[in-house]
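These notes concern the structure reproduced below.
Should a chain be cited, it is by its letter among A, B, C, D and E, assigned in written order, with residues numbered from 1 in that chain.
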Amino acid sequence: MSKSDDFILETRGLTKEFKGFTAVSEVDLRIRRHTIHALIGPNGAGKTTVFNLLTKFLIPTRGSIAFNGRDITNAKPAEISRMGVVRSFQISAVFPHMTARENVRVALQRKLGTSFHFWRSEKTLHKLNDRADELLGMVGLERFCEAMVGDLPYGRKRALEIATTLALEPEMMLLDEPTQGMGREDVELITQLIRKVSKNRTILMVEHNLGVVSTLCDQITVLQRGAVLTEGTYAEVSADPRVKEAYMGKAA
Amino acid sequence: MNKFLGYLIVLALALAAPLVIYPVFLMKLLCFALFASAFNLILGYGGLLSFGHAAFFGGAAYISGHALKVWGLPTELGILVGALSAGVLGLAIGTLAIRRQGIYFAMITLAMAQMAYFVFISSPFTGGENGLQGVPRGTALGLIDLTNDRAMYYFVLAICLAGFLLIARAVHSPFGQVLSAIRDNEDRARSLGYDIERYKLLAFVLSATLAGLAGATKTVVFQLASLTDAHWHMSGEVVLMTLLGGLGTIAGPAVGAGIIVTLQNYLASGPLAAWVPVVLGVIFVTCVLSFRRGVVGELREFLRRSF
Amino acid sequence: MSDVIENHDIGGQHVSEHIEELRIQDLHAFYGESHALHGIDMKVYQGELVTLLGRNGSGRTTTLRSIMGLIGHRTGSIMLKGEEVIHATPHSIAHLGVGYCPEERGIFSRLSVEENLMLPPRVADGGMAVEELYEMFPNLAERRRSQGTRLSGGEQQMLAMARILRTGANILLLDEITEGLAPVIVDKLAEVLIELKTRGYTVVLVEQNFRFAAPLADRHFVMDHGKIVATIKADELESKQHIFDQYLSV
Amino acid sequence: EISDGVVKIGLLTDMSGTYSDVAGPGTITAAEMAIEEFGGTVAGAPIELVSADHQNKADISANKARQWGDTEQVDAFAELVTTSVAMAVFEVAKQQNKIALVSGAASSPLTNDACIPTGLHWTYNTRALGVGTGSAVVAEGGDSWFFLTADYAFGEALQNDVSKVVEAAGGKVLGSVKHPFPASDFSSFMLQAQASGAKVIGLANAGGDTINAIKAAKEFGIVEAGQKIAGLLVFLSDVHALGLDTAQGLQMTVSFYWDMNDETREWSRRFFEKTGKMPTGIQAGTYSSVRHYLKAIEATGSDDTDTVVAKMREMPVEDMFAHGGVLRTDGRMVHDMYLAEVKSPADSSGPWDYLKIVRTIPGEEAFGPLSESTCPTK
Amino acid sequence: MLTDLLGFPPQVLFGQLLLGLINGAFYAVLSLGLAVIFGLLNIVNFAHGALYMLGAFATLGLTQYLGIGYWGALIFAPLIVGAIGVGLERVLLRRLSGIDHLYGLLLTFGLALVIEGTFVKLFGASGIPYPTPEALQGGVNLGFMFLPFYRGWVVVASLAVCVATWYLFERTKIGAYLRAGTENPRLLQAFGVNVPLLTTLAYGYGVALAAFAGVLAAPITQVNPLMGSNLIIVVFAVVVIGGMGSIMGAVVTGLSMGIIEGLTKVFWPEASSTVIFVVMAIVLVLRPAGLFGKPA
């Protein structure tokens, strides 16, 4: 298998219609292994919908999705997560009534295979604490291991979410606007973090912050009105007048 | 260490209690405490309000009653059969209900329980409105005569303690962790690869089985299973017990059950006899308005604040 | 900061801008037992656009929510158009002509896009016409019959903004309105805000996107740990860069 | 010879539910009136009455009775309205060897398959009700019947007993419909009864169900259209609730009516002074059963269960409720019953003047011979 | 012959359908009130049955003590009970805003116990008769059944109330406020809508609807302290089948459940009190948000 066509995820003719409204139409997406791939486009272009299709939160009207050459069009959310595809949410997704450590541990715990064991002590999970703290350290949350997550500020919750996602050691991560709602310093932190964790991983992200996109992403797909407008590197895409007009405006 | 001491004191009290207090009353209290704790497993820790738990409590009561009276099974086995069949019923109802949330979950469980009630009221083996009377208490382990109230008490205490321990363990187990994660944020738990329906279902079945254990034990104590046990008022009562004691606390439901059972028992023969529903109503209203965390929850909060 | 503010200080063109639209004194706010604002003092004049800057959790949203009367426990003084509103209910505050665009957008899922747009009662004359708004946000026009929460993240943001422009409110409290919007739309929003300023609206903007806020604002309030730690006028941006560095970076 | 130095009677009744009017607080008053007659002491020991609300629930009753027996030295249980309660208390009484004086529950199985040696069924039973109303109605030409039956044991027992009587008298039962208990709307069942073409619609239910059924019959013009309603268990308080306008002409079998003779009038007047209501059969029966129980203790000087029960059987029941009443070995207290008809508003002189006694049904006829009883310990 | 086929004359079937419709009219008005209250307060109003009973007692009281007859009661009883509802909301329910609706359910459950218990204590459990208004006495023979005029009036009056309510909630601005208020009352208030007042009025209105049903019921059933206690759970099921908070759902489901129940009474009478729950379970499995509910 040659390097160039080693695509970890491929979609063919992916389409989603909502009651006569086509949110995603005939999208052929090919994501190369071990790259950071961005999905950008105007509001309502269908980025989140594509995400939901890939992660099985929505069922495609037509088209197919293959992960590592396997057809996953009809898989369930939990299944693809176990296959190694993990997503983050546009609105922060944490377990607010648990501590940060417990949040991460819930993700680590699955691999132990004891999650149905209601007769076993919780202490059997303590052996995961070191790994959990290490992950929290990676996202700059070492001081918050014991904190109740509900009380953390927004940016911290996003960071925690990434730590939790990493705990699953996913082969592929899907990040929906990972820097949304963050201050400059947090954006910086997350950008570095994504770069750090992208080693040996494939990342697909939706992002409106072009600064982040330009520094991080190897490949960019631009969606407009549900269809692919163009694809290429940041330089290629941002030079395209159609992209400027439809999406970037003065920013480019 | 302190906690351990606390448990020891409670245990000692439980062992000594029948010397002072009427044992049958204590047994009733224990059974309801177990029932409420089982219910708390699904509401307090699973975040699912079941409004049909009476079906498990009452169903197990009837089945173990039948097993003991008609089939003549030994007492332990009869209780076990009752509890397990409640578990099976829980599996059936749970499979249907578990995909729904909030008020819809409550309503589906209520609907299924009403159907179960219909079955109970119309099957000949339950004795309909008259109930299943004269269930033999039998012996424990074939040795100890359970017609003696004291002996029966220790037998019930052992069963209920086992039940409480199982619940306490389940809450603080790997499974319990996943369960509280699911309660906090279902979508996230699913995206981490957990098949949340199966976790909820397991919790539901556990809760149903333990509720059944309570119902079956109660049948043996009173030698009687009746429609009261399966009526929707019972489902309501167990919610009230749990809330009054403190939702999502280990001791809360037991305390709540204790308060309600005691009240019902003592009000019924006092001057307030005709006012029982009114008095209970007033208690619930005040409880909801002024100490929502429940007795145990408020106590814990008070201790937390003052120390 | 001196109490006498010269005309040029506040970036407006009219003398009327000396009118205090909003004055906050020693504002404290609490979430349950947790103390979120520790004594805020600020003034905003009519026709002015100010920003609240700060890190995540520094209390900017809480400040807006306090002004709106949405925080149960608050003390101090908040004067809106000369009226004390610290004890007022949110709906009476709104009727003073205040429009609020919340951080979480708050689109009503049981209402269609159009119903969402038409929902807030008019609180004063001079709101924008619906057609004008649809022109401004064509996405909304296209999806007007959709259920509100079926919109994409960005579309919801547009709807949240559009809906308060219709009511005639002339004090706008805007919380992170560029969040999740495509750069082209952000550009458009900047134009809108400039237009609003010329119409004499008073705007308090909470923003992360400094690139967006800097050219629009007359003054910046920098917040940290529930306090205002610095006030920076538009023309001092460069000279006071160190303050930004201190409070906004790591 | 009196155990624990006190004679204690535990009265279990429905204090707030469906039966609180026909039984309820009034039965406590009635029992107290019986105790007062003894001046509060019997055989030198004080008489004590404790009471509790059983909420019509078998489990609550069993629990309470057991506790009374175990911890409060209660010697006899009284009243016990509704069949399930009576049966549950029978179970306890059997184990603890205590006396159960049933005046509220109606099912005839209490002295048949479900009987216990110390369970005494006082006021009436479903058979007696059937004999009274059933045979009277058939005799008047109502020879085809359709039943509206409460869907529980009591309703079934009532329907069975009445059916037997009707068929024995040459009538036919065309069908029946079981309705949920309790039910609020009877129009639909009435329509089915109407469609059956039966001459008589028998109401095998009680309390609120009977009241609502009778109202529905009136509303839908059932009686005008030529069918007759037979209320099989109707109490004075039900008539009071229905009003004479609706209830007039209704035939019913009663164990007691306040306005039968001077004795009943005198007692009922005293009862009325205490409660503001005229007594029902259950309330009068409670008085009678408690009084007879105390008389037996007085006579034997003992409160030992077996001694007392034997004495109670030996002595005839003589009071304003029953004359020459006989307590049989199956537990049945055999006394006269009465067939009554509800007066028209014009015939009534005012509140509580509701019934006209049409016929006295001799005890043997009402309750059947002992040989018919299927009680194994008779 | 149809009779042979069905096992009973077809007239019975028509009769039962009509009766079902009449019962359905009660369910519709009661569940409408519940739906309104759930819609805006997010409270499962367990006291609804007790308030329905209060409506009937108010009718009785008005007649006995003030000499106001049925027609006056039709207006005043809902007003009086509605005012009681307003009081309950102001004093008690208000304090539960913003917390889990479980607590609302509990509080109203407690209230129902208190109200019903008190009335049983005061008036006994067997109920007090209330005469059918003179103008509506008698009935008409429809051929397949005798229709009392009063029952016909019940259907007409209920439908009128239902249509008016539906219009109010789905076609006016108030309706939009109510729906928005269900979701995010704080924000709606921040837009300038007096939400506390809206909430109070909505509760009062829902309660008044219950009382209205109580007035309609008074001449049919007894005026009985427990008349609402068993009805509530059925009405509750009706609301869920229709879709919690859906006005249209409450009305349509109320009527159709009445009819289904009527049919069951012909084919399998013992099951008539259970059939609604069977329908509910089926509906919820197939359409989780109820027939007319919008999925969240």
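In the analysis below, contacts are C-beta pairs under 8 Å (C-beta built on N, C-alpha and C of every residue); 3 or more make two chains touch, one makes a residue touch a chain.
These are the chains along with the protein names UniProt gives them: A, C = ABC transporter ATP-binding protein; B, E = Branched-chain amino acid ABC transporter permease.
What you are looking at is a predicted structure, and each value in this text was computed from that prediction instead of being measured.
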Exercise. Quick one: how many steps at least from chain C to chain D, stepping chain to touching chain?
Key: 2
Quiz prompt | Centroid comparison with chain B (C-alpha atoms), farthest chain | solution = C
Quiz item: Higher C-beta contact count, C-E or B-E?
Solution: B-E
Exercise. List the centre-to-centre spacing of chain A and chain C in whole Å, with centres computed as mean CA coordinates.
Key: 31
Quiz item: What whole-Å value do you get for the distance between chain A and chain B if each is reduced to the mean of its CA atoms?
Solution: 43
Quiz item: So how far apart, in whole Å, are chain B and chain C when each is placed at the average of its C-alpha atoms?
Solution: 52
Quiz prompt | Between chain E and chain D, distance of the C-alpha-averaged centres to the nearest whole Å | solution = 36
Quiz prompt | Contacts with 2+ other chains: residues of chain B | solution = 122, 274, 276-277
Practice problem: Would you give the residues of chain D that are in contact with at least 2 other chains, written as numbers and ranges? | Solution: 16, 20, 151
Practice problem: Provide the full list of chain pairs in touch. | Solution: A-B, A-C, B-D, B-E, C-E, D-E
Self-check item: In the complex with chain A, residue positions of chain B that touch it
Solution: 166, 169-170, 172-178, 180-181, 183-185, 187-196, 198-199, 202, 206
Self-check item: chain D-touching residues of chain E, taken from the complex the two chains share
Solution: 8-9, 11-12, 15-16, 19-20, 22-23, 117, 120-121, 124-129, 132, 139, 145-146, 148, 150-151, 220-222, 224, 226-227, 230-231, 262, 265-266, 269-270, 272-273
Quiz prompt | Complex interface listing, chain A residues touching chain C | solution = 18, 21, 41-49, 90, 151, 153-156, 177, 180-186, 188-189, 208, 210, 245-252
Self-check item: chain B to chain D touching residues, read off their complex
Solution: 22, 24-25, 28, 121-122, 127-131, 133-134, 149, 222-224, 226, 228-229, 264-265, 268-269, 273-274, 276-277
Practice problem: Write out the stretch or stretches of chain B touching chain E in their complex. | Solution: 49, 96, 99-100, 103-104, 107-108, 110-112, 114-115, 117-118, 122, 232, 236, 239-240, 243, 274-278, 280-285, 287-289, 292
